[in-house]
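The structures come next, written out as structure tokens.
Two complexes are shown next, each including chain A; its partner changes from chain B in the first to chain C in the second.
Up next, the complex of A and B:
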């Protein structure tokens, strides 16, 4: 019995040490990832598109990061406080942070980044900065933001893609867009820019002077530019690529790739963005002005089929304007489920008289084209005739911005809070021809306008929830857009790449903590 | 001869200017502009953002002013600036040129060598089993969509057999130098160059075969035979040399396109060439890059047309060139 106990103890110890060894990050190694399309620039203060964020998110940092429940975590700020009235936010910066050229990072860089550089260049942040009355830097390590009034989502705008820190000593007094330093980005992040062979790859190397001792673990990262989706899948299959960020391959390739040996995948790492898809319904003119027709369309869409057949069962059927991963999501909204009979009833009560409606698919690859086909079939089944209008990306932008459609697919990010990524789609003050990212449908409801405006400036979350719940109920009943899916873009990677997704923006800033168990 | 060349060069300058103006008008007629595309990629924009970008790109200027600015730049050999890629267009094209020249030239040589040899063989064995096989295989490569052949080649030789790399220009991160690098690039070149080369092989094969058969029926060939010349000499010196004129015309046309790159092949094999640069620029409405690539391609087509005309005189001395 004693021998047995000894053996079991030894076995348990061996197992524990093996597990511990697996959990202990190893330093070193080269990571090969795909980047598509090739970013136009790596200067995150000037360009914030997806590919730029994915690479530059390892070079630049902001004051905070966010966990998968969107709780703020330290980044360049080690701690922060909020005054009781919700007006003053004080950030204390980390010690020993250096820019990649060796210059110390201070509160003056924060002030320059936010108040000078990004206020000029960053359209999305500029809207939030309207709430800021002043920014003060009492010392090198302290930054104090004073707001004009409480702004509920304020602590949610400190992610690297929204508020990247820009080196004051390089950009102050220069023409930001044409500064030669844009081609050799200097940040404070865990990886430094090394080389960019346009059309081939971007090479980042470990920042040996990173302020967190021991991090990052990887020696270098190659982001390889492979323009064809099928070729990206082949590159992963042949072992040339370790990491396929979400959306890198066509959905129909995902099951085959994830079934391979030593291949893992995760849907996590998109919580901050909450990619939410819908069809704009043009309410400026034509039959879509009729709520009954919009409801007929909404009930006529078999979104479960789309999810299962086109998106491999990933993602969720959207319940309304707010994604379930975004704060203040309301579960108990009016019913918009697939119900062809109900759709036909609404159609019969509508002004629709058989005219052909123009549908713009999103020109982002095969899945979206197939989704448009499925939608046309769904709507044909209830008696609506649809013509699919093919465009490229530039043409899509122009047609949507000019309201030249009846229905148009899109998806947008929600940035964790309705005030940052939802209200822009529904408030009437955001109707303007010329932009495909505002209230394109032309939805006007004064009550909704008031609810969104009030909810944004509440200091208390319970008050915000109450107002957003009311707004969601009204909007879902009005159906200004046809909500489709909360999209999921699985990140596919070799299982010996550990911890590639550790925050709410996934691989965009995840390489700091990733390591290779090889 | 010199008069002929001078006249052709002067004409070429006017043709090039016409092409520049026409391309400029056409590309600006397409829906969307680079500012909207860039704002779209960022997922957000306000009026100030779009206005700033349009000012930066000069898109807020009247169309005629934009046209004049561009044409006067081109006359001074300034192809403009890619605001999307934050680089001068000439540098972007120059950076991509080696990869494109390597791919298209290799494919060019493959297609001419294999095409002409196969065409000669097929003509010599007209009506036989070999003729049928050669013609069928060549046509198969021509008729099958290039991107499909490329993908299948990648699957077979890269995924299933593991013999050749399936994408890229060289092994990234290997940092080879000297002969090792040459071999590495050569290995990466095999699949894309073969795929593209085999596509054009059929054209050369059919053209050579038809031309050989036509020439072989002419009187001077009968005379040569009557003189008792060896068959191989007749084939090489009399029939092939005369049969090559249409092949040279075709090669001249293809050579002019060498600089334009090969969009499909470069895309499937992730080859960092000019074809991809142009394709991406069209999608992004990066006007200056599109116009720059078109300009260089057009100039090359005109140059190679001139070279083709000069070669006629070399191959067939009866052809005299006059202005």
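Up next, the complex of A and C:
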């Protein structure tokens, strides 16, 4: 009996250690990922488009990272405090952080990055920095931000793509855009830039002096440039590639790839961006100025079908202007579900009488083209004649910016907070011809303007929530755009690549904690 | 006329071609009666394979649209594009070729250099450029196809006119005091017609192929259901639903083959000197 018990104990111990072995990250190995399209530059302080963030997010870091519920986590800042009145934020930096060239990272770098470099180069951050009265660095390890007034989303702007730390000793006093160092980016991140063969691959290697002992686990990462979507899918199938970031293969290939052996996928890792798709409805002129027609369109769209047929059932039907992953999302907004009968009633009450409306699809590939076709048919079924305008990316930008459409597909990121990524679409101060990213519809509602302005500067979240709830209710009832889906861009990877997505920006900064179980 | 049919029907392929084309024309004509709903309407679950659901013989495409309905309605577009663009191309090519061949000299040089300018650019590349400049709509697609396909007509007509220009009947007409224009239209061109007809039948086939290729590349009219569009939209699901490309592909192959066979038959029938060539 005793032996038996001993045996079971041994067995249990062995089992436990086996489990532990599986959970203990292994160091070493080379990861091959796809990058699509090839980034124009890896200097994250100058360029922040998607592929740049995906690669440069391993090279550069910011003060904070965010978990999947958008709560801040330590990154270059190990601690932070917020004063009672919501005016003063104090960050304490990590110890022993070095730039890739060996120079120590200090609070002076933070001050330079935010106040000098990014204020000049980063339009989105500059808008938020309007709220900052002063930045002080009492010592090498402390940074104090003092705001002009409480600014609710302030702790949400310390993400790597929003506020990357830039080395002061390299950039101070230089022409930032033309500094030769832009070709050999120097950051504090877990990986160092090694080589970039244009048109072929970007090679990053492990930063041996990284401040977290033992991390990163991977020895090197190759970001392979493969311009054709079908070839990317084949490269993954043949095993040349182990990681397909979201959006790098066409949607219809996703079920086939995820059905393969040893292939995992996740929709997580986009919470910070909250990609939200909708159709602009042109309220500057023409029939869309009529709210009844806009409501008819909204109720005429079978968005569940679009999700199931075009997006493989991933993503969510949008309920309004705020994505369900973004903070201050309100569930109980007016009903905008698919209801052809209701749509026909609104249509009958509207000014519409049979004219052909122009629909601009997003020129991002087959899925969006099919989506426009399905939309045209949805609207034809309730009695609206729609013509699809064929266009390329440049033409789309121009037509949307010039308000030369009746309906136009788009999707935008929300950056976790309505003040950062939602209000810009709906406030009347953001109407300006010439940009496809502002309040393109031309929606004017003073109440909404006031609510958004007030909500941004509340010190506590409960007050912000109540103002944002009011704003969402009004906007959903006005239908200034026709909300489509909260998009999901699944990340597809070999199952023995462990933990590639651990934050709200997913693979953009996930390689620090990723490892290969091989 | 009976002689024509007798000579034509001696080429069995040409007769088969004619029947296929007639069938396509009937499909095109019957489309709005057999399938009164728009071919774009989403009627069933997406990706139903052929012969699995009653009433949807050829299944559904990526958006649940009836493939058979698309095929019938697509026939209208393909035939329309083929015929109209050929007519337009002929109406550009014939006058240019006739003038060049009839007047010769500087006029000939000028017009032929102009023609060669178009001939040196690969026609498909030119069509793509033209559509990138224009808005891709059905009218412009027809125009683009016509613009890239008239040069061979001009060259052919010029050659024919050159050889007819100094025949006795033309000189007789000149002596009887007819104007040059009248002579070209009433004396020369009717005699140059047989090879033009043959060429035109092949041009219709080429135009259908060209329209399909353009749609395949996504340069078609997004508001018109054509066979090329169907293949282009299905191209991306080739590995999971191959029949969606295969079915309209067969339709294009058959139609183009039929037109080529007819061209061959017309050649035999209109060119009695070559009669002995056909067994």
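Everything that follows uses one rule, which is that the second predicted complex is superposed on the first by the 507 of 518 C-alpha atoms of A that agree within 3 Å, B and C clash if a C-alpha of one lies under 4 Å from a C-alpha of the other, contacts with A are read in each partner's own complex, and residues count from 1 in each chain.
What we mean here is this: a residue touches a chain if its C-beta (ideal position, glycine included) is under 8 Å from a C-beta of that chain, and two chains touch if they have at least 3 such contacts.
Keep in mind it's a predicted model, so treat the numbers as computed, not measured.
Engineer: Overlaying on chain A: chain B and chain C, fit or clash?
Structural biologist: fit
Engineer: Between chain B (first) and chain C (second), which, if any, makes contact with A:256: first, second, both or neither?
Structural biologist: second
Engineer: May I ask you to decide whether A:370 touches chain B, chain C, both, or neither, giving the answer as first, second, both or neither?
Structural biologist: second
Engineer: Taking the superposition as given, does A:401 touch the first partner, chain B, the second, chain C, both, or neither?
Structural biologist: A:401 contacts chain B only, not chain C.
Engineer: Report the partner of chain A that touches more of its residues: chain B or chain C.
Structural biologist: B
Engineer: Quick one: is A:200 in contact with chain B, with chain C, with both, or with neither? Answer first, second, both or neither.
Structural biologist: first
Engineer: I'd like to know which partner A:387 touches here: chain B for first, chain C for second, both or neither.
Structural biologist: Touch partner of A:387: chain C, not chain B.
Engineer: Looking at the overlay, does A:305 come into contact with chain B only (first), chain C only (second), both, or neither?
Structural biologist: Second partner only.
Engineer: Between the C-alpha centres of chain B and chain C, what angle is opened at the C-alpha centre of chain A, expressed to the nearest 10°?
Structural biologist: Nearest-10 rounding gives 40 degrees.
Engineer: Can you report the least C-alpha distance between chain B and chain C in the superposed arrangement, rounded to whole Å?
Structural biologist: 8
Engineer: In the complex formed with chain C, which residues of chain A make contact?
Structural biologist: Chain A reaches chain C through residues 250, 252, 256, 305, 309-310, 361, 366, 369-370, 372-374, 376-377, 380-381, 387-390.
Engineer: Could you list, by residue number, the parts of chain A that touch chain B in their complex?
Structural biologist: Chain A reaches chain B through residues 30, 32, 37-38, 40-41, 47-50, 123-124, 126-127, 177-178, 182-183, 197-201, 203, 220, 222, 224-228, 230-231, 234-235, 237-238, 240, 391-399, 401, 412-413, 424, 432, 434-437.
Engineer: Mind pulling up the chain C residues that touch chain A in the complex?
Structural biologist: Contact set of chain C toward chain A: 38, 40-42, 46, 62-64, 135-137, 218-219, 221-223, 233, 236-237, 239-240.
Engineer: In the complex formed with chain A, which residues of chain B make contact?
Structural biologist: Of all residues in chain B, those touching chain A are 30-33, 36-50, 56, 83-87, 92, 95-96, 99, 151, 154-155, 158-159, 162, 165-169, 172-173, 267-270, 272-273, 276-277, 280, 282-285.
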